[in-house]
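Before anything else, here is the set of structures, which you'll find just below.
One chain, chain A, appears in both complexes that follow, with chain B as partner in the first and chain C in the second.
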Partner chain A sequence: MDSRTALIRSFTFLGGIYFFFHFIVPESALEVIGIKDAHPGISNGFIVIGAMAIGLGIINLVIGHGSHVVFKRRGWTFSAVLLVSLVSTLGVTTAQWIRNRAVSSELQRIYVIGEFSNRILSDASDVKNPKSFSPAGELPKLEFRVHALTKYVREVLGEVERASIEGHGDGSQESLTLREELHKNQILLAADLDRVETVSWENLSDSNKVLLERVSQHAGGYATAYSVIRRRDAEQGLIPQMYTVLYSGIFENLGAAMFALLGVYIAAAAFRAFRVRSMESTLMMVAALVVMLGQISFGKWIYEDMPALRQWLLEVPNSAVFRAIRFGAAVAGLMLAIRMWFSIESKTSSEGR
Partner chain B sequence: MTGIEHATPGIIVLLGLLSAVFCWSFYSVRAGRKFEIRKIPGIDAIEDAIGRSAEQGRAISFSTGLTDISPTLYACLGVLESITKTAAQYKLKLLVPQYSPEVMAVVEDTVRQAYRDVGKGSLFDPSTIKFLSSEQFAFASGYMGLIHREKPGAAFLFGAFAAESLILAEAGQQVGARQVAASVSPEQVAFFICTCEYTLIGEELFGASAYLSRDPVQVATVVAQDRVKLLFCVFILIGVVCATVGSWDSTLSWLNPVSLLFLSWGDVVTW
Partner chain C sequence: MRFSHRYVYLLMIAVVAIPIVFGFSTKPARMISAERMYSVVENVSIVEGDIALVWLDFGPNTIAENGAQAEVLLEHLFRRRIPVLLLSQYPLSEGLLKTIPRKVADKLNIEMPEQEWKYGESWINGGYKPGSGNYIQSLVASTDISTFLGRDVLGMPIEHYPAFAKITGVEKIKLVGEITGLTGVFDTIIQFFQKKGYRPTFVHGCTSITIPEAYIFLDSKQLHGLLEGIAGAAWYGELLQRSFPQSSHKNLLLTNTALGAAQIAIILLIVAGNVVSLYSWSKRRRD
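After this line comes the complex of A and B, so read on.
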């Protein structure tokens, strides 16, 4: 056995044994040994290794179709269209992804205001709460946390203002209403902050509690209105429009067209299959006829129990056969999996794979 | 059951039993015991189809459909290896359109090795292993285009297929290719039966490689799976008899829980 084969066999065995033990060891035991928390990370690691192969697909496409274009082989124009489509889809999708990511992180900064004030409230209401931001395990002073909150909110509000919300939008009535809502919540939030800064935060009085709740509520309203506006804005512009044209306008429709071909092909295949040439094809045709007649109201007119007969055919003989096929394939798959796990292969096969 | 992701003691016992059956079959084959695999016309038709393509000077195509890295793929690779060796001897062009990049890497290695095994390594052309798309219908349209351009004399569809199965099979039918299909998806078997000359149903796909190669390890796997199925059939039979008798005669109602032991062992014996 050469070193390459030995390496492949070792990795296969180790990968197999990890998932096998994860399957047979009870959940409680996995929790004790710490595998339960680590499992999603390990599984994602395997997925990442698999995802690297996507590069192989792109390389194969570029080399295969690129050579067609360069040497102007038969049908090179189709290859050129494919490569242009590949590059444009890749470019537009990447640009769209970057744009969406920027919007999401911007919105996250606003959404966190409500969570921050709620957290201050819940921590301050329960002084014995062990949860804390500080590494020492002690809660920072309420005054300090409220000050941090107001500082953060003013910073975020300033940034949003700088993002010149007035510059965005399509000018529709809905857009204007959203902007009014945003403006209203911005004023309310600013007013709340002014009050927060004027009162004492030595301890959490009832009025202070109400004040923090108001901050959380107005921050929530502000974040909702802002997120709708930003998402609407993100849908405008050249990149999103190109994305819509490529994906919804071309890709989805081409897929639907291919799927629609099935209708024609089913008819053609049925015509060939239902020719009575043997005992088996006769049986198949009779069964298909009963199922089809049982499906339509006309069938009931021919024979009252036709729908029941159709149901029986589908639920009893058909289900039994389906189960038998699945059962046989599952057992065969399991046996092959054991063989693969232990790399029990003939010499040629193991070297080839 | 305590959860889908974890085995119950019942499942562990079953797994142990299955592994034991596999080891028994494997060692009995290694000890020199001969097993016969019954004649499967669909598999015999593979050689005929390749021979016919050679006579007509046409290419052949082999697709694993939407199969991902899984036991099903390894079953398909055994058949691909055998087909490649025959194609290499006849100097036929072998087209292997691909859906998954991971599978493409494994397939390329298998095809290259098969060419080398018959001493025709120089005939291997990597450009015949074409990645089409990882989108179901984009793959189907790419496959149709390829088949219509290359007009292969034989098309083999082995693996996991979904709604695109009929599109693929009809493409081969339109160019007059002799087609052999094998799928573990029962829903697609009906489409293949209507369109292809021969169809291998379910586990026949797993037996095909052993049938073609007569490799002792692969034959042992087929023997093991047959023994396991026989064991399960006995379980089902005992369970059904117990359940029927238990519900028929009230004095024998104790047979009902006994039947559950045979019919849903994994659910009954839990942690």
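After this line comes the complex of A and C, so read on.
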């Protein structure tokens, strides 16, 4: 056995033994040895390794079909179509992802306003919290935090105005209503800020509390209206339209058409191959007829209780048989898992023999 | 006897197309498992902070069946104002996670203009999650699912959406729905979406091919309701219409009728095939 094979075998075995013990060892024992806290991290590591298969798949496709195209092997045009589809879908979805992230980052800057004012309020109100506001506390003074808040809100409001979002939109009534809502909240928020700047913030009086709550409330309304507008704008660009064409226009229809062919093949097979030649095939045909007729509207025209008969067939004989099949498959699956665990099955491990 | 399969293909196309083209639909057959599912969804009790989790684990290939199931389930949850977190274990469902809830919300917004169903309140899209069983185990073990999920597909932290900000643990998920045409995906949820003291109320939508497998879990009560193919979705739509008379599922009924006609055609083809075979056999014996 070479070192590479030994390494693969060892990792496979360790991975298997880890999940085996994690499953059978009581939770209290896992807690004592510190596995319980580490498990989510370990589990995520396995998920990441699994996700790498997507990358491997892409590399495999590019190598396999790329060589077909380069050397113009038989059917190379299909390979070219596949590669073009892969690149265009990858490009469009990546561009859309980047765009969504950019919009989300922009929106987060606005959502923070409400969270910031709420945090100031909760810190200043919670006297039991050692980190809550007090003149000698660890947190910055209330006055300083409120000043930072107003400065930040003015900055954000300025940014949104500079983005001149009024110039965008599809001109629909809904779009105009949303912009009106945004404008209304903007005015209310600006008015709140003017008031915040004129009062003293040495202590959190009741009136100051109400003022900060109003800032939070209007900032929430402003953020919601702005996010709806930005999302709508983001959905109207070229990239989302290209995505819609690729996914809903092409991929969905091709996928559905491929699966629909199955129905046609079943019909052809029903005529050409489904012969009643034995007791077993007669039983199968009767069961198939009852199940089919029991789930369609026309079934009860033949026999009123057809749906109930179908239900009985599925619940009783079918469940019994399927359980037996599942038990058999589970035992086979267990054997397969053991063979994989001990690397008996894989080609890599057998190479050394 | 020589017979071209092209005639069979033509017959199938005609049988499926006629009800759709001429807008002819019939009342769907009663589906008892769909009734159970309707009752389960109708009786889920939630308080503020509770949500439903729906896995849309299907792609365009089974959209005819699974798409209709997802629509009726989401419609019911939206009507009940239960916030829905959408996730998927199947990468090809990525586009459907966006379009299906949007379609249902648009339908309800038109039906009831005085109310609103919108992204972030009625539903959020958590997107495709790789890792299958490992991911589900981590999700279930998490004591703060909002943080565990991180961001939605738009890149927004889940905590920004008030209805989804405080999913403190899996106990907050009052209903788990799973729509798929794949084998193995559904079992993973049955197997791992549980922990000590918590078993979800679980409903499932499957394609006609996977119905037999789903029944064993329905029988063992690990599954509380089942939508069987288009027929199940059509009956669920019928039940929705009884409770909400303004709810219309015209296209679903048309598809269900077309499917019924196709099944009748298949039955007739089986009978015809056997008659022809019997005739040929008797002719050979006579000769």
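Methods note: the second predicted complex is superposed on the first by the 281 of 353 C-alpha atoms of A that agree within 3 Å, B and C clash if a C-alpha of one lies under 4 Å from a C-alpha of the other, contacts with A are read in each partner's own complex, and residues count from 1 in each chain.
In this section, a residue touches a chain if its C-beta (ideal position, glycine included) is under 8 Å from a C-beta of that chain, and two chains touch if they have at least 3 such contacts.
If you're wondering where the values come from, they're calculated on a predicted model, not measured in any experiment.
Undergrad: If we overlay the two complexes on their shared chain A, which of chain B and chain C does A:I24 touch? Say first, second, both or neither.
TA: first
Undergrad: After lining up the shared chain so the two structures overlap, which partner does A:R326 touch, if you call chain B first and chain C second: first, second, both or neither?
TA: It touches chain B and chain C both.
Undergrad: Look at A:L254 in the shared chain and tell me whether it touches chain B only, chain C only, both, or neither; answer first, second, both or neither.
TA: A:L254 sits against chain B and chain C alike.
Undergrad: Should A:M335 be classified as contacting the first partner (chain B), the second (chain C), both, or neither?
TA: Once the two structures are laid over each other on A, A:M335 reaches chain B alone.
Undergrad: For A:L314, using the defined touch cut-off, is the partner it touches chain B, chain C, both, or neither? Pick first, second, both or neither.
TA: second
Undergrad: Given the touch rule stated above, what does A:G57 touch, chain B (first), chain C (second), both, or neither?
TA: A:G57 sits against chain B, while chain C stays out of touch.
Undergrad: Which of the two partners, first being chain B and second being chain C, lies in contact with A:L238: first, second, both, or neither?
TA: neither
Undergrad: Does the superposition put A:K300 against chain B (first), chain C (second), both, or neither?
TA: second
Undergrad: Between chain B (first) and chain C (second), which, if any, makes contact with A:A270: first, second, both or neither?
TA: In the superposition, A:A270 contacts both chain B and chain C.
Undergrad: Taking the two structures together, which residues of chain A meet both chain B and chain C?
TA: In chain A, residues 27, 50, 54, 254-255, 258-259, 266, 268, 270, 272-273, 322, 326 are touched by chain B and also by chain C.
Undergrad: Where on chain C does chain A make contact in their complex?
TA: Listed in rising order, the residues of chain C that touch chain A are 3, 5, 8-9, 11-13, 16, 26-33, 59-64, 91-92, 94-95, 99, 118-120, 130-132, 134-135, 137-138, 141-142, 151, 153-157, 160, 196, 211-213, 215-216, 218-219, 228-229, 231, 256-257, 259-260, 262-267, 269-270, 272-274, 277.
Undergrad: Under the stated contact criterion, what part of chain A meets chain C in this complex?
TA: 27, 39-40, 43-44, 46-47, 50-51, 54, 93, 97, 100-101, 103-105, 107-108, 111, 227-228, 231, 243, 247-248, 251-256, 258-260, 263-264, 266-268, 270-276, 285, 289, 292-300, 306-308, 311, 314-315, 318-319, 322-323, 326
Undergrad: Could you please specify the touching residues of chain A with respect to chain B in the complex?
TA: Interface residues on the chain A side: 22-27, 50, 53-57, 60-61, 63-64, 67, 75, 78, 254-255, 258-259, 261-262, 265-266, 268-270, 272-273, 321-322, 324-329, 331-340, 344-346, 348-349, 351-353.
Undergrad: Within their complex, state which residues of chain B touch chain A.
TA: 2-3, 5-7, 11-12, 15, 18-19, 22, 26, 69-72, 74-75, 77-78, 81, 98, 100-102, 104-106, 109-110, 112-114, 117, 127, 129-131, 134-138, 140-141, 145, 149, 163-164, 166-167, 169-170, 184, 186, 189, 191, 193-195, 201-203, 205-207, 213, 215-218, 221-222, 224-225, 228-229, 232, 271
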